[in-house]
Structure formats: structure tokens, C-alpha cells
Amino acid sequence: MSVERTPSVGQPDRAATAPAVRFVGLGLRWAGAAAPLIDGLDLELPAGRVSALVGASGCGKSTLLRLAAGLLAPSAGEVRLEGPPLGPGGRAFVFQSPNLLAWRTVEDNVSLPLQLQGRSEPAAVEAALSAVGLLGARALLPRALSGGMRMRVSLARALVTRPSLLLLDEPFGALDAITRRSLHGVFAAAWAERGATVLMVTHDIEEAVLLADRVVVLGGQPLSVRAVRDIPGDRPRPDSARYAPAAIEAVRALEAAL
Amino acid sequence: MSVERTPSVGQPDRAATAPAVRFVGLGLRWAGAAAPLIDGLDLELPAGRVSALVGASGCGKSTLLRLAAGLLAPSAGEVRLEGPPLGPGGRAFVFQSPNLLAWRTVEDNVSLPLQLQGRSEPAAVEAALSAVGLLGARALLPRALSGGMRMRVSLARALVTRPSLLLLDEPFGALDAITRRSLHGVFAAAWAERGATVLMVTHDIEEAVLLADRVVVLGGQPLSVRAVRDIPGDRPRPDSARYAPAAIEAVRALEAAL
Amino acid sequence: SGAPAPGPSAGQPIRLALNWLPEPEFGGFYEGVLGGHYERAGFAVEIIPGGPGAPTLELLASGQAEVAISAGDDLLVKRSRGVQALGVWAAFQNTPMGLMVHAESPVLRIEDVPAGAEIAIEVGGPFQTFLWARQGWEGKVKALPAAGSVGPFLADPARIQQAYITSEPCVARGKGAEVRFLGAGEVGWNPYGTLVAVADPAPAWTDDFVAATQAAWEAYMADPARANAEIARKNPELSAEILSCVTEAQRPFLVGEDGLGALRPERFDAMASTLSSLGLLPPGATGAAAMRPRGAAQP
Amino acid sequence: MSGTPARSMALPAAVAVGVLVAWAGLASRLPEVLLPGPISVAHAVVDRWELLGRSALSTAGSAGLGLLIGSAVGLGLGVGFLWSRALELAVYPYALLLQTLPVVAVAPLLVVWLGYGAPVAVASAALVSFFPMLTAAHVGLLGVDPEQVELFRLYGASRLQELRWLRAPSALPAVFAGLRTAAGLSVIGAIVGEFVGSNGEPPSLGYLVLRSARSADTALTFAAVIAAACLAGVVYWAARTAEARLIGPWHPGQGGGRA
Amino acid sequence: MSGTPARSMALPAAVAVGVLVAWAGLASRLPEVLLPGPISVAHAVVDRWELLGRSALSTAGSAGLGLLIGSAVGLGLGVGFLWSRALELAVYPYALLLQTLPVVAVAPLLVVWLGYGAPVAVASAALVSFFPMLTAAHVGLLGVDPEQVELFRLYGASRLQELRWLRAPSALPAVFAGLRTAAGLSVIGAIVGEFVGSNGEPPSLGYLVLRSARSADTALTFAAVIAAACLAGVVYWAARTAEARLIGPWHPGQGGGRA
């Protein structure tokens, strides 16, 4: 496994407990594939900040997230997590598909990460469930959930350990505008509380500009960085920030790079 | 099964081969549930038109689509398909999750509906694959596809029989802006060619206003129709139609009803 | 036989089902084929070897054999359960069954088996039932299931095992053990062995077949070489030593006080009453009807 | 859509009657010793009720214990194979050897080691039921969703945690499928063990089958065979009930999924 | 992560040596007739090579044919149960009866109906291998993704189409799991059939086991037992290979999914 940890080197304040993610000369080739999917990618995603990854379908965003999480070993180069070491609950991943355990209720799915660390924190589970609006569904099995509800369970599961590194793969993709907006709030609050490093894949550039400190446009074969744009301004930003001229300009520019 | 067919009663021209969908006093109660999910819902979705269904996560949109497809029997009331009888390939469903057969390649997944009717139309399969931009991935198995690619295979599978009734459950949910825009085009072209009746669940009201003739806002427990708005103007509409004042107004009004 | 039996048509086909593998206990039948005894009497005999539990009487009853090799007790029990068969000739005047002990064992006769002993035997078989009832062994002597191997016997010098004179003693000797065979006949269990059975009522060719069989067995007793060679060919697992050991060991059991092949109604009746006392036949059963004396009139 | 209860019971009833009639017809044309008719078997059941019951209980005990031991060893080995491919390569040949071991061939050994009576039956039942459970565990534990494995890895779950909270529950459907087979096999395994290792104390179905077959009491043989099938039926339905309870609520193969 | 080939072969080699040593040690303290040592078994294999080979071939034929028949019936019934719950209720009891049927109990019937020799072995092999295949089919065909069933319904797929293109492929992993068990069972089933229904023509492993046990040629018994296990091994690995070919590319339990 090439995920390495180097000591913190003067990150901003709020990143005290969160790592920066640095891809160095990263390469990945799928078994049996003719060409590598990724070949010599360099990219830094700052500690304690929200980075959004956008790019065409199938370009390699989910793969990059898996590499950052250490779930996939790169064929070349390395993934460095720079900062204090992460505990077992320090990392969380919201997969593109909800990935729930079919035999566990909503509540037990959400408490799984705590259970794996030998912790039992019903209050944290309850808070996570209520944040995603699923307190009423806590006793249901996944098969009785709607698609959006499943996704929200998966989000709650990721938030419940209050991770320092949060990897989100299209977490709001299948949600209606209102649920989505309320989850943006939840997400912003969680971030504000903890100052986690967040890597978020999204297909929605407006959302990326609204939520992220840095937006990275990816594309090409092999995968390369098409554009990187830092979005100034403190977060959490109100939903109306969407319509600010600077934001609209950023969206235009990023869409052009896509 | 309470899905009934009544003879065509003077539908508009392009609806000659497409049915209207009418829910009459519809009721649905899940086994073991305390309250019914749907109770006495009446709704008409016109023949040969695109109707968009929007509503909060978990309100019952996918369930309504299943009822319309005859995949679920209502506990009360009925679903009427009014128009000429549909052949076996006359109906297509894009499920909320891609629902591909793991043992078939992309190409063989797309040709499945044809195969079920004893047809072999490589040209139609090729056209569908190229429409969703997956000609290069035709020989891959689903496990080697990205999330968005899976969804696109599922779309191609639904288009390949050129159905008269097309039921789409968040078909563009997990796709980036560009892929999405190109699929809007595909979808519009398919509709123009055939004049199918389309029921599309989406969480994106802007998308609904851009693509649909009628937008229905659903919500509540039991499920009721919060607002119905017909969007004037011929389709397919250019992507810029999104910024027309009437469209923006419609989006505002519908969001308010949500 | 005075009355001229209707001569069988040339080459009357006979399927003769053995109740075990080709072994010297069937030597006469092989001799009958090889020496032309059957052919001369107008029979085309095909010998069907059997194996463990070979259902010969059942084959006879279902018309898949014309002649079944069985044993006296077996015939009586199966007749009571719907098999229409008749005993017409027997090779073993004295049952080849008995117990086997090591030569150094203090058990010289079956009666000597001490309380507390263990005997490996076909548990639940008629012989075991008889022994325990007749010897009063119930609760005193333990019956162990014989697992079809003399291994445990060889491994344990105190072991007592059920045996056929035609098999286990020679195997044990071949393995270097000295053994003593205690015949069951001596304690009153003496069904005929290698009993020739035909359908009941007896077919017209029965007497001719019996006569040919008698001649064949006499020839075999005089010179077993040709038949034994055939048996060795059919059953290559049988070593030459065991073959000759068995051929000699079985001799005294073949010829009884009535000579070779005879059947006596009294012995069938006696066996029947023994079996009914054991609960294997209904009370008051008789056995004479299960056999036909040689030359009896055709029905 | 399995029809009304009445309709769904009509076919079983018809088949049962058909089987009985065919059996009786066949039996009437064969000697009793070959195939006793239903009535004489019923007689045997009624007459020997107590003996059959006691025998069935003893065989049930051996089969149950054997199934327990076989399942424990099979499932344990399945976990071992999951954790070590080398162990799998090392041990599988012997597992196959055990599965194909004719009990008769090692009966003398078993008897020498275990003595006469139930232990041989238990060993034999364990021998035959262990392989299906091993296979089920092996297949079930490996056939888990790879993304869910990733989830557990991400949280630094230990092997044991992964086993307990992910692989074991997700293997349950396969394990229960194995159990259905193993349940019946344990009964026949016990019976075969009783053929070679029972001396009639206590009476058991295997002993009864052997004994009645030797004394040509075929009606009793068939009664014992039917008792064995009933035994297997009980174990089987217990397994199915546990299955429905444990995986019914979440596994698609359970309950309403029928075509 | 199963280590280097060298490491992954070290354990199997060590276990094999350990088993041989333990066997030899045990055998040296027991009389040869109870447990022959590895060397005398090896001698028996070499000396009786031709007989063992011919016997194994004949048993392999019976086991293979029985497995084929048992699988066909089992899979067919599994499809029947899928289509009719009433059929399941009607037939399952008899399936259980067949699974727990001691071949000894019906040996005379089998011999009378089928004659001596291979047919009884084939029937016996089919009897034992049919149940695991039935269970596998039953479980596999029902355990399909309900949304995929909806897809087929939507397109008005016939039952047969649903079976052929959805349920059958999706049942393959379960069916192969059943096949692993059935493969070994068919070998032991054939051997048991040969115990009761063989008259030595042609020689078969069952006959050899019986014969050699009676003549206290325990080394040959063990050689035959090992030959049977090898047979099962061949069938087993053939099944595994077919499995890897057919479902390996798409099933998570195959290939790289190991922990």
C-alpha cells in the first residue's frame, strides 16, 4: 500500500487534526486494460479544506477517491496524507452507491463505524440520523427505503464518527432540491465543527462552487487536471451565494474547462 | 393487476401510438405499514407528452412509477393506460439504480429487451450505445464501469426498443453537466422521433422545466399532488431556454410548492 | 424316476443366480457348464454371480432367473413373505456357517463361549437370533456388528467371529493365523446351504436340471481343477492358496448322511419350527412344502 | 402468486394419493419381501411403534450431534480457508478424502477407537455433513460485495470484525443452503454409521434397517426408512424456519419473491 | 493477498508431510489389518495398479453418469419448485425421503429392476447427488435481484426467458456450490451402490473395498479409498474450473476477492 503519512508541515489552524492529500506522480492501470487510466498525476488538496472534484462520467473521479482512501493501490507514484495520523474512525467514505448492509436496520447501519471501534454512542447516531432526516426510518431495513433515503443513510454513517478526512462520491446526486439544501447545511455544520479535509466528487459545478474551497476539473485519458480554482470567501456560505457574480463567473469558467 | 387499457379517446396527433396515464383513486399501503403511502390519488399524465414528477426524497415517486408500469399492484383504485395497446417492447423503465445483469457485457445488457422479443437489431443497439457515448465500452462487464456509465447503459437499454411509454427514475442524477446535456439531446431526439409518453422522476426542477410539458410536484403523507404546471412551448427546447424569464418563474413557483 | 418326464426342448435357457461371488461353494455349477453336464441334459445355463445381499430369490420371483441359489432358512422366511420358490437340491448338507476362534482359544465348542464374551456377527440375522435364544446368551454375550472384515479378528486373539467355512477361516490362515471353526450344525442350526431353488410350482424341467446338477457336483468333487480354474478366472481376487484351502475345507460339509444333494422334509419342518420359535416365521409354520423331493409328480 | 391455500394443498394431496396408489399397485405385483405395500408398512409402524420411536430418537441424537460437529468443523475450516489460501490448498484434499470415505472401509478403525454404539454413528454423521457446510461457508464468505469489504477496510476493521459483522451475515443464505443438504445427510450418515457400529444397544434406525433386512422383514425396513425421512424432515424444516427468521426479512430469495 | 507461490506451497507441503508422518506413526502402533502404513498402501497401489485403475474408471463412469442424472433431476425440480409452490409442497417430502434412503434397504429392488453392476451404482450416485443440486437450484433461482425480475416482467418476458436469461445465470454461483458437494457425494454414492449391487463384473472401487476388507487386505482397501478421493478430486476440480470460467469474470466470490 503506498498511502504514506508525513508529519504536519505548517497547515492552517483548523487543519490541526486534518491531513492534506497529495497525489505524487500517481499512476493506475486496470488489470487487462490497454492504456493506463491515470499516468503521472500530481495534485494537492489542502488540509482542513473542502475540495470538489468534477469531471466527465467515467473519467476516474471515483477511482481517485478510492486511491486517496487507500482502498486501491496505485500502480505508480504515491498518495500522501500529510498531517497527524488518522485514527480508525478518522476517515469516512460515502460511496457512489449507498452500500448499506441489507441485514441491518437504518440505525444499525449508521452505528456500524462506531461499533467497529468498540464505541457505543447512541446520541451520535441519533444526531446523524436526525441531520439527514431519517429519525422516523431508524428501524427500517434498507430494502424498504427509497433511493434517496439509502443515500442519506450512507451520509449519516460517514458523519457519525466525525472524521478528519471525508471522501464523498456524489453524495447529493439523487436528492431533491430541498433535501439537498438541508444536507448542504448539515455538511457545512459538520465541517465547521471539525475542520475536516473533504474531497467531494460532484457532477454539479454550481454545488462545487457553493460548497468547496477548491474546485478541481479533471478529464482526459490518461486523467489530468484541467483546471484548479480556489473559491475565496469563508464557508459555510448561504445558499444565495450561488447567485453572486463571482460565483457565476467561477461556474462559467469551470464549465468551460470541463 | 389493476392496470387497465381503455380505447384511445381523441388524443393529440403525436400521441397516436402512445398512451395517457391516469391514476384514479389510487391507494397503496406497504405490508406492515401503519399508514398508507398513497391514499386516493388522482392524476392524469397526457399521452405523447413528457411529464416530470418532482418531490421530496422518500415521498413516493419511484413507487408511483412502478405502479404506472404495472410492476406493483395498487391496494386501491386503478392505473389506466388510455390509448392503443402496448406491445411487449412498448414500455421501458430506467430504474433509479442501474440494475444491469452482471454477467452480460454492456452491449448484451442493451440488447436484452430486443432479445426478449426475439429481435436482433445490432444497428439499434449500436445507435443506443453511441447515443449514450458508450460505444468504446461495449465489451466491458458492468463491474468495470463507473457509476455514471452504468446509468447510461441502463438508459440505452430503455431507448433501444423505441418504447411508447417511457418511465425514467432519476436517469440523469449521477451524471456530470456535459454528459447530462448531451443526454438531454438524446432524450429529446428519441421523443421527437416517436412521440412517446414519458414519465420522468427528477430531483432537478430546472431540468423538469426544461424537458417536460407538464411538471407535477408531489408530496405529503399520504402522497398528494401539490402542484401541476404545464410548460408551454414546443420541445425539444435548446439548453438556453433554461434562462428564459418564463422558465425561471416556473422554477420559482414549483420550488415554492415543493 | 419312473414316469418319463417330458423332455425339455433343446437348449432350455436357465439363468442361475448365485448368492455370492464365484467361489468353490458353487464349484459344481461351473463344472456343470464346463463339463457339458447341463448341455447334455438340454440346458443352456448362464451363471449370474451375486454379491453381498444378492437377492436371488427375488430375482427368481420377478422372473429374472430360473434358478436361485439360496439357503434353507432364507427360503422359508422369504416364502412367508410372498416369494413363490421351491427348494429342490442342496450342495451343503451341513451349513457352512459357524463361529471362528483363534486356535489357542479355550473355546472348543460353541457351548464353551463364556458369559461376557463378545462375538462379531451379523447382528439381527437368523443365526444370531437363534444362538442367543438357544444358548441363553441374552444379556450375557455381546453381539458386535461384523463389518465385513476379518481385520479386527486378526488383531485380537480373544476375538470370536461369525464365519463361513468357505471364506473367513482360509483368509485368516492366509494371514498366518491358526483358527478353529465351530460349525453351527453342532448346536442345532443347520439349514441347507447352496440350496437350489426354482419357481413354485416347479417347472417341468426341474428333475432333469437336478439330475444334471447332481452329476456335475459329483464330477466337481472328484476333480475340482477345471471348475476352480474358471472360478479363479472369474474372481481373480481369490488367491490360489485360498482357493485350494476352501475346496478342501468345504468337503466335509457338502456330503452328509444322505449323501450329496438330498433334501429331507423333516429338516425343513424342523427349521420352520425353529424359525417360528424365533419369531421369524408365524407360529406353527411347517417347512416341508418349501421343498420337493426328487422325482415328485408334476402338478 | 402461489394461489389460494386450498389450491396449493390440492396438488400435494393429489401427489400423495398418486404415490400411495402407485406404490400399492407396484407392491401388489411384487413379492412382499421385495416391496411391501403401504398397508403392511402401516401395520409395521403401528405394531412396532415404540421400537421405531425409540430407534428414531437415538438416531436423531446421533444425527443431530454429528450435524453439530460437522457444521462446526466445516464452518470453522471455511473461515480458515477465507483467511489463508495456503490452508485451503493444504487441507482441501483431506476434506475431499473425508467426504468420499466409505464408512464401511474404516468401520473397524472407528469401532476400535470409539467403541460400539452411538459414537460411530455420530462420527459418520459428522463426516458426511461437514463437507456441504465447508463448501457453503467457503462460497458464502467469499461472495460478499467488494464495496462493503472496502467499507470495513476503511474503518480499519479487524479480520474478526469483518467476519462477524460483514462476511458471516452475508454468508448466511449460502450457509443455510448448505444446511438443507447437510441436515438430510447427517441422518443417512448416522444410519450408515449404525450399520457398522451399532450392536442394538440402544436400538437405532440403522440397526433396525439392517436387522429387518436380514430377517427379510421388509415392512419394518420400509417403516424405518420412512421414520428416517421424517427425521430428516424435522431437521430440514427446523433449518428452514431458522433461515426464514434470520435472513427472511432481508434476503430476496425469501418470502414474497416467488414468480 | 495470498503470499508468494513458494510460501503458499509451504503449508500444503508441511501438512502433507505431517499427515504422512502421523499416519505412519499411528499405523506402526496398530496391527496392519486395522491400519496399514503409508508404505504398504503405496505398495498396494503399485502392485495393483491395473486393477485399481480399471476399478476407478468403472466407478468414475457410474459416479459421473449418476451425477449427471441427479443434477438434471435436481435442477429440473428446482425449476419446477420455482414455478409452482404447490409442486414444492407436493414433492419435497419425497425428495427428502430419497436423500435419506439407505441404499441397503432398497438394494434388492434396485438389483431386480436394474440388474447387477453399474446401473445400481449409477442409481445410487444419482440418489445422493440429486438433493444438493435441488437445493442449490431452489435457493439460487429464488435469490435473484427483485428489481431485475421487474425488468423482465416489464418487457413481458416469458417464464422461460426469465429462467434462461435472468434466473439461471444468477443462480450459477449457488449451483456451483451445490455441485462441489454433489461431485464428492456422487463418488461415495456410486461406491455404496457397488457395495450392494455389484457382483464383481466389472471390478469397481466399491467392490474392491468390500472384497479387500473381507480378505483382510487392508492396504488394498486404503488404496481404493484413496483412489475414490482422487476421483472426487478430479470431478471437484473440473467443477471448480468450469465455475471459474463461467462465473469468475463477474462474481465477487471468484478470483481477487480474497481477504
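All chains are identified by letter, namely A, B, C, D and E, in their written order; residue positions are counted from 1 within each chain.
Convention: contacts are C-beta pairs under 8 Å (C-beta built on N, C-alpha and C of every residue); 3 or more make two chains touch, one makes a residue touch a chain.
None of these values were measured; they are calculated from a predicted model.
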TODO: Work out which chains are contact partners of both subunit A and subunit B.
DONE: none
Task: Neighbouring chains shared between subunit B and subunit C, ordered by label - done: E
Task: Where subunit C and subunit E are represented by their mean Cα positions, the distance between them in whole Å - done: 38
TODO: Calculate how many whole Å lie between the centre of subunit A and the centre of subunit E, each centre taken as the average of the chain's C-alpha atoms.
DONE: 49
Task: Shared interface positions of subunit A, touching two or more other chains - done: 97
Open item on the list: For subunit E, give me the residues that contact two or more of the other chains.
Closed with: 30, 33-34, 104, 108, 112, 145, 195, 210, 213, 251
TODO: Check each residue of subunit C and list the ones that touch at least two other chains.
DONE: 53, 55, 58, 62, 147-149, 151-152, 155
Open item on the list: Based on which chains touch which, is the overall arrangement a line, ring, star, complete graph, or other?
Closed with: other
Open item on the list: If we use the touch criterion from the header, which chain pairs count as touching?
Closed with: A-B, A-D, B-E, C-D, C-E, D-E
Task: Residues of subunit D touching subunit A in the complex - done: 145, 147-148, 150-157, 161, 165-166, 169-170, 172, 247, 249-251
Open item on the list: Can you tell me which positions in subunit E touch subunit D when the two form their complex?
Closed with: 2-3, 7-12, 14-16, 19, 30, 33-35, 82-87, 89-91, 93-94, 96-97, 99-102, 104-106, 108-109, 112, 131-132, 135-136, 139, 142-146, 149, 159, 162, 173-174, 176-178, 180-181, 184-185, 187-188, 191-192, 195, 206, 209-210, 213, 221-222, 224-226, 228-229, 231-233, 236, 251-254, 257-259
Open item on the list: Quick check on the complex: what are the subunit A residues that touch subunit D?
Closed with: 66, 69-71, 88-89, 91-93, 95, 97, 99, 101-103, 112-113, 115-117, 141-143, 161
Task: Footprint of subunit C on subunit D - complex, ascending - done: 30-34, 104, 107-108, 111-112, 116, 195-200, 207, 210-216, 218
- [ ] Using the touch definition up top, name the residues of subunit A that touch subunit B in the complex.
- [x] 30, 54-58, 60-63, 96-97, 137, 144-149, 152, 169-170, 173-180, 203-205, 255, 258
